[in-house]
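When the chains are written out, they are named A, B, C, D, E and F in that same order, and each has its own residue count from 1.
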Amino acid sequence: MKPVFVSDLAGDTTVTTFFLVLEKEIRSTREGKPYLRLELGDKTGAIEARMWDQFEAAAREIGRDDFVKVQARVDVYRTKLQLAIQQIRKAKPEEIELADFLVHTKEDVEKLYASLVANAESIRNPWLQKLAKAIVTDPSIAPRYKRAPAAKVMHHAYLGGLLEHVISLCGLAKRAAEHYPELNLDLLLTAAILHDVGKLDELCYERAISYTVEGQLLGHIVMETETVSRAMDAIAGFPPALKTVVLHLLISHHGQYEFGSPKLPMIREALVFHFLDDLDSKLAAVRTALAAESGEEEWSAFSGALQRRFLKLDRFLERANTAAEKAKQG
Amino acid sequence: MKPVFVSDLAGDTTVTTFFLVLEKEIRSTREGKPYLRLELGDKTGAIEARMWDQFEAAAREIGRDDFVKVQARVDVYRTKLQLAIQQIRKAKPEEIELADFLVHTKEDVEKLYASLVANAESIRNPWLQKLAKAIVTDPSIAPRYKRAPAAKVMHHAYLGGLLEHVISLCGLAKRAAEHYPELNLDLLLTAAILHDVGKLDELCYERAISYTVEGQLLGHIVMETETVSRAMDAIAGFPPALKTVVLHLLISHHGQYEFGSPKLPMIREALVFHFLDDLDSKLAAVRTALAAESGEEEWSAFSGALQRRFLKLDRFLERANTAAEKAKQG
Amino acid sequence: MKPVFVSDLAGDTTVTTFFLVLEKEIRSTREGKPYLRLELGDKTGAIEARMWDQFEAAAREIGRDDFVKVQARVDVYRTKLQLAIQQIRKAKPEEIELADFLVHTKEDVEKLYASLVANAESIRNPWLQKLAKAIVTDPSIAPRYKRAPAAKVMHHAYLGGLLEHVISLCGLAKRAAEHYPELNLDLLLTAAILHDVGKLDELCYERAISYTVEGQLLGHIVMETETVSRAMDAIAGFPPALKTVVLHLLISHHGQYEFGSPKLPMIREALVFHFLDDLDSKLAAVRTALAAESGEEEWSAFSGALQRRFLKLDRFLERANTAAEKAKQG
Amino acid sequence: MKPVFVSDLAGDTTVTTFFLVLEKEIRSTREGKPYLRLELGDKTGAIEARMWDQFEAAAREIGRDDFVKVQARVDVYRTKLQLAIQQIRKAKPEEIELADFLVHTKEDVEKLYASLVANAESIRNPWLQKLAKAIVTDPSIAPRYKRAPAAKVMHHAYLGGLLEHVISLCGLAKRAAEHYPELNLDLLLTAAILHDVGKLDELCYERAISYTVEGQLLGHIVMETETVSRAMDAIAGFPPALKTVVLHLLISHHGQYEFGSPKLPMIREALVFHFLDDLDSKLAAVRTALAAESGEEEWSAFSGALQRRFLKLDRFLERANTAAEKAKQG
Amino acid sequence: MKPVFVSDLAGDTTVTTFFLVLEKEIRSTREGKPYLRLELGDKTGAIEARMWDQFEAAAREIGRDDFVKVQARVDVYRTKLQLAIQQIRKAKPEEIELADFLVHTKEDVEKLYASLVANAESIRNPWLQKLAKAIVTDPSIAPRYKRAPAAKVMHHAYLGGLLEHVISLCGLAKRAAEHYPELNLDLLLTAAILHDVGKLDELCYERAISYTVEGQLLGHIVMETETVSRAMDAIAGFPPALKTVVLHLLISHHGQYEFGSPKLPMIREALVFHFLDDLDSKLAAVRTALAAESGEEEWSAFSGALQRRFLKLDRFLERANTAAEKAKQG
Amino acid sequence: MKPVFVSDLAGDTTVTTFFLVLEKEIRSTREGKPYLRLELGDKTGAIEARMWDQFEAAAREIGRDDFVKVQARVDVYRTKLQLAIQQIRKAKPEEIELADFLVHTKEDVEKLYASLVANAESIRNPWLQKLAKAIVTDPSIAPRYKRAPAAKVMHHAYLGGLLEHVISLCGLAKRAAEHYPELNLDLLLTAAILHDVGKLDELCYERAISYTVEGQLLGHIVMETETVSRAMDAIAGFPPALKTVVLHLLISHHGQYEFGSPKLPMIREALVFHFLDDLDSKLAAVRTALAAESGEEEWSAFSGALQRRFLKLDRFLERANTAAEKAKQG
């Protein structure tokens, strides 16, 4: 673990520690004096940093997404801290623990992954089972499946978040299929396991969560269409009609055109899966909003994903109760 | 059971049977000759009828929503049948079995109702339990709760349909609460049991399903707000804050303003309940579309509720398979 | 009247006066030193305040919406003033004049209220008259009706604003009914008097205008439906059909679903009332925009309610005229 | 008055009368036999007509919008009548009374026109008064202003309807200005008098109400901009800034882009005028819906302009009352 | 060429000819008598046919999309013809000329195809050239590329229509790139040649133009993504970044989410190509509307694709001119 | 050229130079001390300035849009510079070169203008040619046509930008008409030359680009309708139908109601012209976004006009290539 985190910094001190470079640019003061401006960060936050002198070599050597070792003075500027860099160099791989830089799921990733494989194996249709297993055990996919977040900001936005979301969906799918016997559980499980595989490449989450250029130009729906299509082609005898069905499940899972689905769900299970996915994602967003500090006693933080605040139900009921008690006693 | 149903009629015959008057008007031919035009129906369909002579007394006595006994000739006009009424009079109550005129759920209504009560009793919060039980066992509500359809056309549009929908939602709520332990099952069950109580008065379903004037002017959300609010006031000591929460669950359950919810869900359980209600309703609409005769081998009838057709999945996979087999053999 | 208002404060002085606590939180400097941060205000504005030492007792005792007596140094920080609190305690009720903390209508509230009662009495339909009078003279309603603002920010956002808006609407309703003899004036007056009664509880305006939790979860339309419904039930023999009509007027008065009306106006007077209410509210918003300082010679301040600026008509015509005169003379 | 109207026709008779040609085409039977198909009409309705033999000369001579004298057999085809033309020729001007072919306002047009002029004269701003008078007394405008309908179908869709609508708006404007003293009545009256002048040319209403090609390509807002602009230019010394204001009132009076206003109202009176115009038009549409035969006891005909039905208020209250009385007595 | 086309049929005759089965069902008269109902067609139109007796064998043997030989009586029913089938059997392949059943482009398909290849060869970037050539010369693609329509109804809805549209786009792309030197012509040509390749499989156009099940579930954008992606993978060394660019051009070419593009154009050439494609398609729709018989002298038929009519410009100017001439002379 | 530009300023110096007054107001410090606050600018940017003492005379004499001569100290406040004015007076006309204050097209304006006239002369229809020439050579129009920007911020937002845009459109129109022989080039050229003439008055661009009051109230579409209409009326014998066509081209060129077109394109050339105008404007916006400094290696600056970033194509391909090379070598 690194010696000092962003959240530990205190004004008017000097620190030596490691950061990730989030942004880098050369700016000039109005007077024309150039300086190096960096945004540095770790899993606890981000801070602005400036280097005023002899920064040329550093500016050449260091780029965005590099890990750096920094010696700097921490200036307090009113309510904000800022680093004045004295020395900076690229960190050596052995100096860095990635876990210091990105938030992780609190679940045990290996258990989640085992559950993912078990879910794939529980699929009874042999073609779909082969497909799901091929994807989740593909050595070029599995390690990234364990790491990937489910989104950049909307929900499950942390390492392992995708896996957490998918396992939750598999459980939800089973409950839905028990409740509605008309549903084909195999299709729901297949959809759950494959529907966000494109996020492995849409997002970049080595050091911070962001979109890849490919992700921005194509999006995870199109990207996973290719991955999954290829996996189906690699299974000798995979029925073409079933392939069409699987692809339809993937491309329709956002449920509406304006959310990037080029087709609306036209298969019963595709419609149901869209609902389950939407529910699990939105509920995760509510969870995040309620967990965040809101500064309001009875309302959560504002949820950007859902464009509203949520009531802190227990707090509200309890306060109302207390007020009523007092009124009675008073 | 009545002797002849609409679906039994054959051209160039004469029948004597009972019908419900769906529409009634006096029209004139272009030549100015007046005649009585009726739309008559039963649970199997509707048929146009005309009475050309001596219809004045009948026209006075008989109105929309009356049951009538009719003797008529069945004319074939190209592909449509039409009745030429010879005699008509109001039916006596004892001549009519209501079940001949409206489609019923295929479930056992009493069992469904017992399940409703059991669900109400399973609520652990004493206030909510009292409320739910008070509503479902209210003698002015219970008999109508057993009969009411869930909608006029969108989903569960038959007698007992509301009960079917609510029981399904209770089951779904339990599964959701098992899956997401953070959810308050009591609130979900309360919402399921109460959310469509306003439909008891919004719809008229004595003889055919239609909207009451009150239903059109107020809508079931506003109507049930009053019913449930009154029931809460009748429970001594019902906590006011909890009342607000219950009312919010009701008024937000359509999830969006344009579907008539004056507030968006701002409580976690309100959001989840909206999803469950929407899923159960939409899935019922898919079921209806797939069950209807569509004239297409691989596509369901067009669903007005969902504005699309759905794939007949098994048929599609099977046909594709057969075609592939043939291709291989050929 | 309190000794010093926010708008009177000058830098580098020390003051002792009363404020309302708008926000309260404990924050820490980056260095981890905790301090008390308050937002204090009165009817002339708001100011940030910090207490750096021995604030623990104050922090326990004082909460949002409390009135406080404060002794503080006024620091000038560049263009903003800020209070450094030296002493703070809760104010005693007798030390406070509420009028120092909220903007009032400039009209005479008692006269407005007398006009409200007179309008209620002018209703000729006996049921509607009884209803309107019962509401406006209800001792639990009348005092709040005199105080309530019509909205938090959109229009008439000051104490007594609701009354002003309603009296204006009554006058407008009479003119509309004179102009269109087909209109039922009784219904228009009833709508005017009752349509915003829910705002008495939707908004909290004891010390500052904000939404109550109940108001956010239910909204004034649903809330007044309950109030007015109960008042109708309390009038023996109130015709149920007329009750439906009154409730429809209330729930449809926003005119469109996306503004929170669960039903569109389906009665002629409901449609007309929606227009009158919308006109009176929007015109008040224009008035506010034109009265505010805009920094532009020919354009009003930007109206958030209407999403545009309005022309200062007289100024524009006059300037154009002067310019033309000059051009002629030059 | 012509001898026989469409509404007088009876089957299996022969008639000789005058009609307006609404549509004309040469069609062929499937067997390739050509025939002349006409749609003929008068103010009471329209009827299809066919001429099977020796129609060539007629087809050459006669066109859409011509008045014709016809001798024909009236065939009854089930519930529809149809003419089999035996002889047809263009009518002579002296044979036709235009009043037989288009619905007129029931008001006295000359009185309405006198009121229009009086309203123009009541404008106190000398420039606006000159402008309004110049327009309404322009000999190329006045006769058409007396005849024009206010719309093709939406509201006041009959000869003289525009004048009726404008006079109503002038009255409404005066009431609004009395109620809101801040309003400039001169601007409101000017807007009322000029805002639909473009409809004189947008619509064609010599023989039936339809759009001119120019009307479809430009619309009345753009068309009247030119007419009024030219009239202002013809008044020596008309202040340019006031011209801008007048034009803004015209182009913004539909209130929203999607209704063809290229600018939103940005002057207080422009906003108010938009509301008044919208109210008067919509109320006229409600009036039409309530007056039309709907086939429903408690609901009006469906209003295409407003996309809903309206409650027949008196009928509903009365029926509910009667039902209640009965229930009490029973 | 077949002996008789739909457009040749005349009433009260008997014909023997070939048709395509467009629809097939067994229906019953109200009296319960079953009959075989077919919709038969060729490139000149469609006609309803019924077989009343001994149709069982035919009903078993014959299906939708089959070609049949029919002997039937042509009944005239009012203005519609209808076939009463006497004998029917499947046609033998050698009896059928496909050209009798679908409308073709009027261009020379081989010349268009040669131009397509030439356009592909004109691409200077070696990877894109290889890709475009691989696609257009792929033996499983080329013959279908020559046949495919560009759409079912919106534009270029006839055999060879896709090729026509693509060649037009290539020409337009060259002109755009000459005009805006900043544009990369290679990308525009690549987009033009590949952007609708998915339509080869989205549409079925062997016998009539319709959507395949795969086409409805996936859409041409997703389908061509797979085809083109595979083609790029088959070219050794194809740069992955360029692959991303090509795929982005394909998936963004509808320009907006609601038209099924899962991504908006984010590359300059993607934006420009979207405009060119939209222009060429819309202009083709205008062309179709203007060519169709509209029954109006100055207005085209209503264009469903563009939701409006278009002015017949020359006719309008000429008629206006003639009218003016007359007015002058008169 | 003026001695010092905004971009030349350096902290802690004293300057004497010329600026344009962009904003002016009298403000007070919290302590009630008034001061003069100006926003000053030239073509290289803007800077805030304050005058603390003896500013009364200056405040009276100087207004927005005046050129001033200023002597001031340049203060550095953190990263922003600010002027403390010591002396200020209105500049004399002869001291100012307008070119110092607004960005110009880099093209030769006289050449562009000659091309404009040549394009007008190339129109073959004599009426349209006369019209176009009359407009572009009108001495009250031509000088402003040479100066006007095409928009305030969306595209071609610099002096001469309108001319650049129009010339580009003329070229594009010719290419489109060559490609689609059905198009009437005369109409396209007329539209190109006239479609933004209203911008000459909608925008004010003497010293900075902003909207005139008239421009905000009427918009360029309505304004040019009047200008062009008048020009057509001034040409003896101009065919009225052609006038309607020209006006339709102008008012429909934004293509959609919400962009301020009161009519949708209903003439083929109007539709095509809308596409060409939209393409040229959007491509200019892309050009601007790509030229601006974005701080991102592979993405352009965010385009407010298009609400997205664009890929820096060459950079992306090259970087990807380099990365691939390295990977291969590594």
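Convention: a residue touches a chain if its C-beta (ideal position, glycine included) is under 8 Å from a C-beta of that chain, and two chains touch if they have at least 3 such contacts.
Remember, predicted model here, so these are calculated numbers, not experimental data.
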{"item": "Count of contact steps on the shortest path from chain B to chain F", "value": "2"}
{"item": "Taking each chain's C-alpha mean as its centre, the one farthest from chain F", "value": "B"}
{"item": "Matching chain pair for A-B (criterion: over half of the contact pairs shared, by residue number), options D-F, D-E or C-D", "value": "C-D"}
{"item": "Angle of rotation relating chain D to chain E [CA atoms, steps of 5 degrees]", "value": "120"}
{"item": "Numbering shared by both copies at the chain C-chain A contact, with half separating same from different", "value": "different"}
{"item": "Whole-Å gap separating chain C and chain E, where each centre is the average of the chain's CA atoms", "value": "61"}
{"item": "Distance between the centres, which are taken as Cα means, of chain E and chain B, whole angstrom", "value": "42"}
{"item": "Sites on chain F at which at least two other chains make contact", "value": "213, 217, 245, 266-267, 311, 316"}
{"item": "Contacting chain pairs - touch in the sense defined above", "value": "A-B, A-C, A-E, A-F, B-C, B-D, B-E, C-D, C-F, D-E, D-F, E-F"}
{"item": "Complex contacts: residues of chain F adjacent to chain A", "value": "9-12, 74, 76, 79-81, 295, 298, 311, 316"}
{"item": "For the chain F and chain D complex, residues of the former touching the latter", "value": "213-214, 216-219, 221-222, 225-226, 229, 244-245, 247-248, 251, 257-263, 266-267"}
{"item": "Contact footprint of chain F on chain A as seen in their complex", "value": "23, 25, 29-32, 213, 217"}
{"item": "In the complex, chain B residues that touch chain A", "value": "168, 171-172, 175-176, 178-180, 182, 184, 239-242, 245, 264, 266-269, 271-272, 275, 278-279, 282-283, 286-287, 290, 306, 308-311, 313, 316-317, 319-321, 324"}
